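Got a structure here, written out as structure tokens. Questions coming.
Read from first to last, the chains carry the letters A, B, C, D, E, F, G and H; within each, the first residue is number 1.
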Amino acid sequence: MTPATAPAIDEHPRVISGDHFMLGDHACAEGALAAGLDFYGGYPITPSTEIMEHLAERLPAVGGTFVQMEDEIASVAAIIGASVAGARVMTATSGPGFSLMMENIGLAAIMEVPIVIVDVQRASPSTGLPTSVGQSDLLQVRWGSHGDYSVIVYCPSSPQECFDLTIAAFNAADQYRVPSFVLMDEIVGHMTERVVVPPQEKIQRVYRKRPSVPPGSPEFLPFKADEDLVPPMAHAGEGYKVHMTGLTHDERGYPSLTAQTHEKLINRIVDKVRLNADRIVRYELINTEDAEIVVVALGCTARSARRAVARARMKGIRAGMLRPITMWPFPQTVLKELAGNGVVKRFVVPEINLGQLCREVHRHTALPVTRLNHPGGAMITPDQILEALEA
Amino acid sequence: MTPATAPAIDEHPRVISGDHFMLGDHACAEGALAAGLDFYGGYPITPSTEIMEHLAERLPAVGGTFVQMEDEIASVAAIIGASVAGARVMTATSGPGFSLMMENIGLAAIMEVPIVIVDVQRASPSTGLPTSVGQSDLLQVRWGSHGDYSVIVYCPSSPQECFDLTIAAFNAADQYRVPSFVLMDEIVGHMTERVVVPPQEKIQRVYRKRPSVPPGSPEFLPFKADEDLVPPMAHAGEGYKVHMTGLTHDERGYPSLTAQTHEKLINRIVDKVRLNADRIVRYELINTEDAEIVVVALGCTARSARRAVARARMKGIRAGMLRPITMWPFPQTVLKELAGNGVVKRFVVPEINLGQLCREVHRHTALPVTRLNHPGGAMITPDQILEALEA
Amino acid sequence: MQEEAVDNEVTEIRISGYGGQGVVLAGQLLGKAASLYDNKSAVFTQSYGPEARGGASCADVVVSSAPVDYPLVSHPDVLVTLFQEAYMKYRPMMKPGGILILEPDLVQVKKDEVPHHRVPATKIAEGLGRKIVANVVALGYLVGITNVVGREAVEECIRATVKKQTIDLNLRAFDAGFSLAAKERVAS
Amino acid sequence: MQEEAVDNEVTEIRISGYGGQGVVLAGQLLGKAASLYDNKSAVFTQSYGPEARGGASCADVVVSSAPVDYPLVSHPDVLVTLFQEAYMKYRPMMKPGGILILEPDLVQVKKDEVPHHRVPATKIAEGLGRKIVANVVALGYLVGITNVVGREAVEECIRATVKKQTIDLNLRAFDAGFSLAAKERVAS
Amino acid sequence: MSSGAIVVESHPADTLLRAERLPHILCPGCGIGSVVHTYVDAIAASGIPQDKHVCVSGIGCSGRAAGYVNVDSYHTTHGRSIPFALGIATYRPELHVTVISGDGDLTAIGGNHFIHAARRSVALLVLCINNFNYGMTGGQAGPTTPLSAMSRTTPHGCWERPFNLPFLAQAVGASYVARWTVLHVRQLRAALIHAMNKEGFRFIEILSPCPTGFGRPNDIGDGISEMQNYLRRCVVDNGIDLRQTDIDLTQQDSPIYVGDFVDVDRPSFRPQVVQHAH
Amino acid sequence: MSSGAIVVESHPADTLLRAERLPHILCPGCGIGSVVHTYVDAIAASGIPQDKHVCVSGIGCSGRAAGYVNVDSYHTTHGRSIPFALGIATYRPELHVTVISGDGDLTAIGGNHFIHAARRSVALLVLCINNFNYGMTGGQAGPTTPLSAMSRTTPHGCWERPFNLPFLAQAVGASYVARWTVLHVRQLRAALIHAMNKEGFRFIEILSPCPTGFGRPNDIGDGISEMQNYLRRCVVDNGIDLRQTDIDLTQQDSPIYVGDFVDVDRPSFRPQVVQHAH
Amino acid sequence: MSVHTRVPIDAASMQVPRGQVYTIPNRCKGCNFCIQFCPKEVLEFSEAINNKGYHFPIVRKGKEEQCIHCRFCDLICPELAIFTRELESAPAQGA
Amino acid sequence: MSVHTRVPIDAASMQVPRGQVYTIPNRCKGCNFCIQFCPKEVLEFSEAINNKGYHFPIVRKGKEEQCIHCRFCDLICPELAIFTRELESAPAQGA
């Protein structure tokens, strides 16, 4: 039972500043390290396994805690536990494992415990095509657990974004005390590309708010929110003697099984993201100033779309692109602006699922929306998107 | 290990024809029995436990198999197993257990195994208010498992419908070889009201299609669909020597890990519900002929809405109601007709969640939609809906 | 005004006590009698959950000549309380002008309580030989006073519902409560 | 036509062989050299999954002077095959007019094969003392023939990537392949 | 008021409890309150500061225990108390984490986490309050329900063999295994204090009356009758071979073995860590 | 072509296999194919019609086994082969259901179903092909990975104690428990035939080489080297106390006990059923 | 078997302490554990009921000086409704 | 230890059967199990490779009559690439 000797800490910097040619999965792992990952609990599953393997090597070497759990349910439960004890935490998985995590995602939401979950999407449903690409967990990540709650979801398009947005996910999880997600896809996770890791001091870490009063202060109520709707968080072992429960609870954290308490609590945990959406939402616009057709695409599909838009422009088609970087909150404001600017006549939504992003686009515009999709196993090519732009 | 003596079968009819004053949960269980339930695997959870308890008594007495499993994951896995062996199967649960079932719902979808899952909704997320009402699993039931798949979902408003729609769910599951759902809510599950159980011969049972060729016939391909997109189903032990897998598979059922096979398979399992939607969809219209305001409500909330509409009419407000009986496929055709009939000016959507049904209504109309909701723990009252109608 | 007419069709009844007093059975009998034996509609609900254990529990019945839409009792037209805590908890929700029926040996009313009905159901039941049927005595009284459902309907319902060997006892208990109410109606 | 120009900026390269031949390292070195040491953009991908074990595997690199959008190799401009099964599997996907480089001791070409490059990488590597660097010999040849990335960039990349004690060996292997290509270019 | 007893407003252990939440929601005659009481008494006697104790629970009547103890306490999802606690205990090894939950939570839905945490030797003290049924949902059978016992899901009698939990705990590597009943509060207290100061995965099964869910349908009667049953049948045998510690409640005269069965030294699970870099 | 061996196109066991799917996807030197082969050979010798055999598997390399055997076969989700099989076996007790899967599938994520099915005495024959790692995902550690062993998730050596699976199976009530290796195909075949004709929950752990995921990182080399390791170290001891059957692969000279360890009569789980009413 | 105490070896020579019983009647749910298992049979149910309707423990007439402060009633009480304190000497306070 | 056979009690008096080896070379992945564990050391690797590039088992020169049809090579082969059949009498067919 003696732990094997791990390398001394100095040889292994937490932030490997510099330029790298790096796998998307590894960039995600390095992003987590740069964001201050303290505790990783996970279970292997293709195509996310490389994240875990990379952290098995790297995390103990920088003083963090790495545990391979017995399944995905245990993984998410363990990171919630470590987070209430003060850790920056993460787990990574793919569709089948992600489905198993749904119950405890709800626990993190109602307990307001910051956690980061990476889902590297593969062709689904069920076991599907484990080694091939899919983008079909876009709605599951929002609605997969029972009841209403809120999440923050980032969708990287490149290894660089796997790094950057994993940091963003840690910061968002802590800032809003919500489960936050990095929703990758197999292509982005399994591609190797240049990743620039900034100097450590350039990497911004946002930490959860902490109590401003000492332990024992009667005015400290663990679930009394500030004006931003987020309560400061006391950690296990600090003397605050908090109680946290998955039951509907009052500001002390005690079960209070009434509709009034429930409404107050659930509205707040939903509103803290909803009302801060403008601050959280991220997106990229390309050539939309004069665009008549706007492609809405994310993840690896946005790479094809960018190429297709460039080629369409060369053919004289006034195409542009909106790339949601946060899938949730969805960049609905900008989408509505585009839809209402009088220039855009049509949207094209390529995606590797049967119309999930398209559904969301539909909700915010009455303009025609062209669907371009299949359920997984291959990328949507620039040619296919170009064809849809020309149609 | 000797089973206790169970009562002789004759004293316990499978269908208890006649009028009863019956709990919604029990009506659901009786509906399952009337539909031919052979195998129940479940795990207790409020407010669905009464379904299980009722079947613990009733199912063995009519020759069926009742097993209390170690958790909800095992429950859904066991009923899928029993179904491939030829059984009509069901499990019942509530939010937290339902979240745990998500992965195996995907397996049933891709293996095309008929199963019926009852989710008696309570105030959520997480443990929430276990004994109080919620209606916040409307989107989870559609999107909770990773990937694209299709489901059929019934939402009863009364114990009578708990009985009737459970039968419908069994028939739909078998007819389309899909997971089908009875999405109850705590109010409907825990209310006792008159339930009329028809004579056994009046209860229609639709069974899965079976192979038309004998075992060993080379032309039998277990996943080759007929024109209705549904393949006939061979059961374990019949000699067909089928192989079924959660991997993407060809018509023989063998893994075939290509995008082409995936597209063909997943499109088919989605289309078999999508293209048959008009046959599957059920809804109720009240006073919509001349309605200017249409309430869209389901489950227990539809009961309040019916009262509110009646009172609004007395006040001279031209109100009507659309009650989706199938949440999925959603009755979008009728909703669009109403939205486009030139008379309807506004929709009001009361629901015990933070706007899930409302989202779906929005997708199909550009008319104003008034949200009226809270996250759970109490019914929405007729007064509240009336107020929204008067606003 | 027609709206009132609609609402007046509905009678909300709450029978409350502690666990073991049989309020659930009383409520079920009432609802079932209305629903299956008296051409009315009725919904029965009860309190659930661990918070409902040990303390006051209630059995709610909504009865109407038209189909019952909203199934819950919010403001009882008729409140039966067989237990002090239940009285304290549910009395404030009673509709103004509603009918209050209580077990005087187990409930002490507030000083400013409105006129109400006092039914020594436990003693009457003990007089019938089984304290356990106090619930049915109270039910009989409730039916006798309110006429919310026909006497014969309840009797038929009792015969169809309770164990064979207790039918007679329950019918006698119901009759005892009903007769007491009848006497009081005559007296008043 | 400008569209062509855009697409022509992109070079799709597939290096294929069987497990253990080091095609993954060769691909990574190529992509990394382009990406970090030669002011270009590159994406490297490889085949995954159990179906990829044992049989033919491939390492794909897309190199471009502009950012690489679409990251996959569909129709290689350059195909390197070090294994018969890989040749059979990937040859049909090659772009018409593309460059085909193969290991003649391990690959037998179809009768109607177009003109192509034959690099006895294994023998050359054996000549350097380690059969294991055949992959880097092939890489050297590829770079020498295509000039898709600068020689110095690859050399710098090798120095930064492989284990210290194998830098020299790998550099010699790369040089051997590169030189062979240079000779052939002169000859042709 | 009688002579002899002094009536007061608070209990000396109230500082160890969230006294403002008392009375708890548990039924009269339920033993869970006694376990909570004994647990906090052991905390006070453990030599470990109250602030360094953490309590984690799952779902069910016993799962509510965490809500009453005045330490950092977490009431988690059904069956997941152990991995949740693992997160705390491995990230903050200076904390003393106790999991208190019931037979359904820990050994039905949570069985896998139980065996894996024991296998890993995770630094947890796990108390399984075994009342032989699911009490919170009203008395269904579970994996410890005795053969033939009546419950809401075994209306004709349970036909499944129950777990022998001490044997299971030993087979998967617990460093400490004990079984006591709620009646044995004194031995339980000693076991708790001892186990709180040990490494590795420590497990105590505590048999507890459940008059509502188990006693009533099985004609045992109220809580005190179940306690008297324990008084009559329990046999302390610390050295017994754990293959012999099945509980056969249907055989009214068979012994129920209790004791401190296993007590070995096994270092706690510590993932490879160099040092925390916060 | 050499003299002595006759070259043919098919194998006599091909009728028991989905021969059109051969060669399978498993690596050279992997033992899973040998287990599949021995299993179908046992089917033929079992005295039970081929049509009455059913094979269920989970996820992982071993989970692919079900895809190659020519009986009704179900390749389910990760860890859920046992409850899926329970559904078949309890609904159709005339079928003989075998679960074939790996150590990760059956004892990591699937551990709870394993212990509960054994507790219930469900009529299942469960084969755990234990190759000490997750092969399908490329060689991560699992609950049977030996102390100190290298893997993709234990780059500095595994620091968790592995399960002793035979002991665990005994502790939860299996009616039959055996351990053999892929080298012991003859004994394995006999064990399979015997177990196929028994009631209750029957468990066979089969140690198998995994050159790709386990052999290579642990300097064992290819499959044949792992087999030779078994040849050298295995000791048959049917009567051994199962507390002694831990496998300590890091101690190159310690024995690995194999044998038919437990063989008791225990009736199969049969939920209360009067008769099927179809 | 005895669940109350492990008898110390030198039991005979030890001085038996004396205890005072304290109760919080409104916490009691009448489970009877303290009364039934008091080794000195010091307790009995009250005639009065508390505000939840339960009879609660009181000290029996004539047993006022019998409590030995063994803490059994305290530890076993699920409601934290009873405890004892050691008395230095007789007589009990507040009796 | 021996994994090959359980020696029957009357082994000495039994007639040892003779076997014929059959192979399906293109199924072989060269794992070496059959060759290494043949109790009679009848097999060796071919010089030729099959269509997947593996050397496969052949009968050694001079061992053509040594196979005893013990089925070990058959059962242990993960690829179902080899089996034996019992010969009624010498000589082996097709050798």
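As a working rule, contacts are C-beta pairs under 8 Å (C-beta built on N, C-alpha and C of every residue); 3 or more make two chains touch, one makes a residue touch a chain.
Note that this is a predicted model, so its numbers are computed, not measured.
Colleague: Determine the shortest chain-contact distance, in steps, between subunit B and subunit D.
Modeller: When the steps are counted carefully, the minimum from subunit B to subunit D is 2.
Colleague: By raw count of C-beta pairs in contact, what's the busiest chain pair here?
Modeller: Result of the pairwise contact count: A-B comes out on top.
Colleague: Roughly how many whole angstrom separate the Cα centroids of subunit B and subunit F?
Modeller: 38
Colleague: Just curious, how far off is subunit G from subunit C if you go by their C-alpha centres, in Å?
Modeller: 43
Colleague: For subunit B versus subunit G, what separation do you get between their C-alpha means, in angstrom?
Modeller: That gives a centre separation of 57 Å.
Colleague: What positions in subunit A touch 2 or more of the other chains?
Modeller: 1-4, 6, 46, 60, 70-71, 73, 96, 103, 107, 126-127, 130-131, 245-247, 257
Colleague: For subunit H, what residues touch not just one other chain but two or more?
Modeller: 29, 52
Colleague: Where in subunit F do residues touch at least two different other chains?
Modeller: 26-28, 59, 75, 77, 108-109, 111-112, 116, 121, 136, 143, 156, 159, 161, 269-272 - these are the residues of subunit F that touch more than one other chain.
Colleague: So in the complex, which bits of subunit A are touching subunit F?
Modeller: Contact set of subunit A toward subunit F: 1-6, 43-46, 49, 52-53, 56-57, 60, 68, 70-72, 96, 126-127.
Colleague: Enumerate the contact residues on subunit E facing subunit A in the complex.
Modeller: Answer in residue numbers: 18, 21, 51-52, 54, 56, 59, 66-67, 70-77, 80, 83-88, 90-92, 94-95, 112-113, 116, 121, 266-267, 269-278.
Colleague: Which of the residues in subunit A end up touching subunit E in this complex?
Modeller: It comes out as residues 1-4, 6-9, 14, 36, 38-39, 41, 60-67, 69-71, 73-75, 77-87, 89, 103-104, 107, 215, 236-247, 254-255.
Colleague: Applying the document's contact rule, which stretches of subunit A touch subunit B when the two form their complex?
Modeller: Against subunit B, subunit A makes touches at 73, 94-96, 98-100, 102-103, 106-107, 109-111, 121, 123-132, 134, 136-137, 139-140, 142-149, 245-248, 257-260, 262-263, 266-267, 270, 353-354, 356, 359, 362-363, 366, 374-378.
Colleague: For subunit E, which residues count as touching subunit F in their complex?
Modeller: Going by the criterion above, the answer is residues 108-112, 115-116, 119-121, 143, 156, 159-164, 167-168, 170-173, 269-272.
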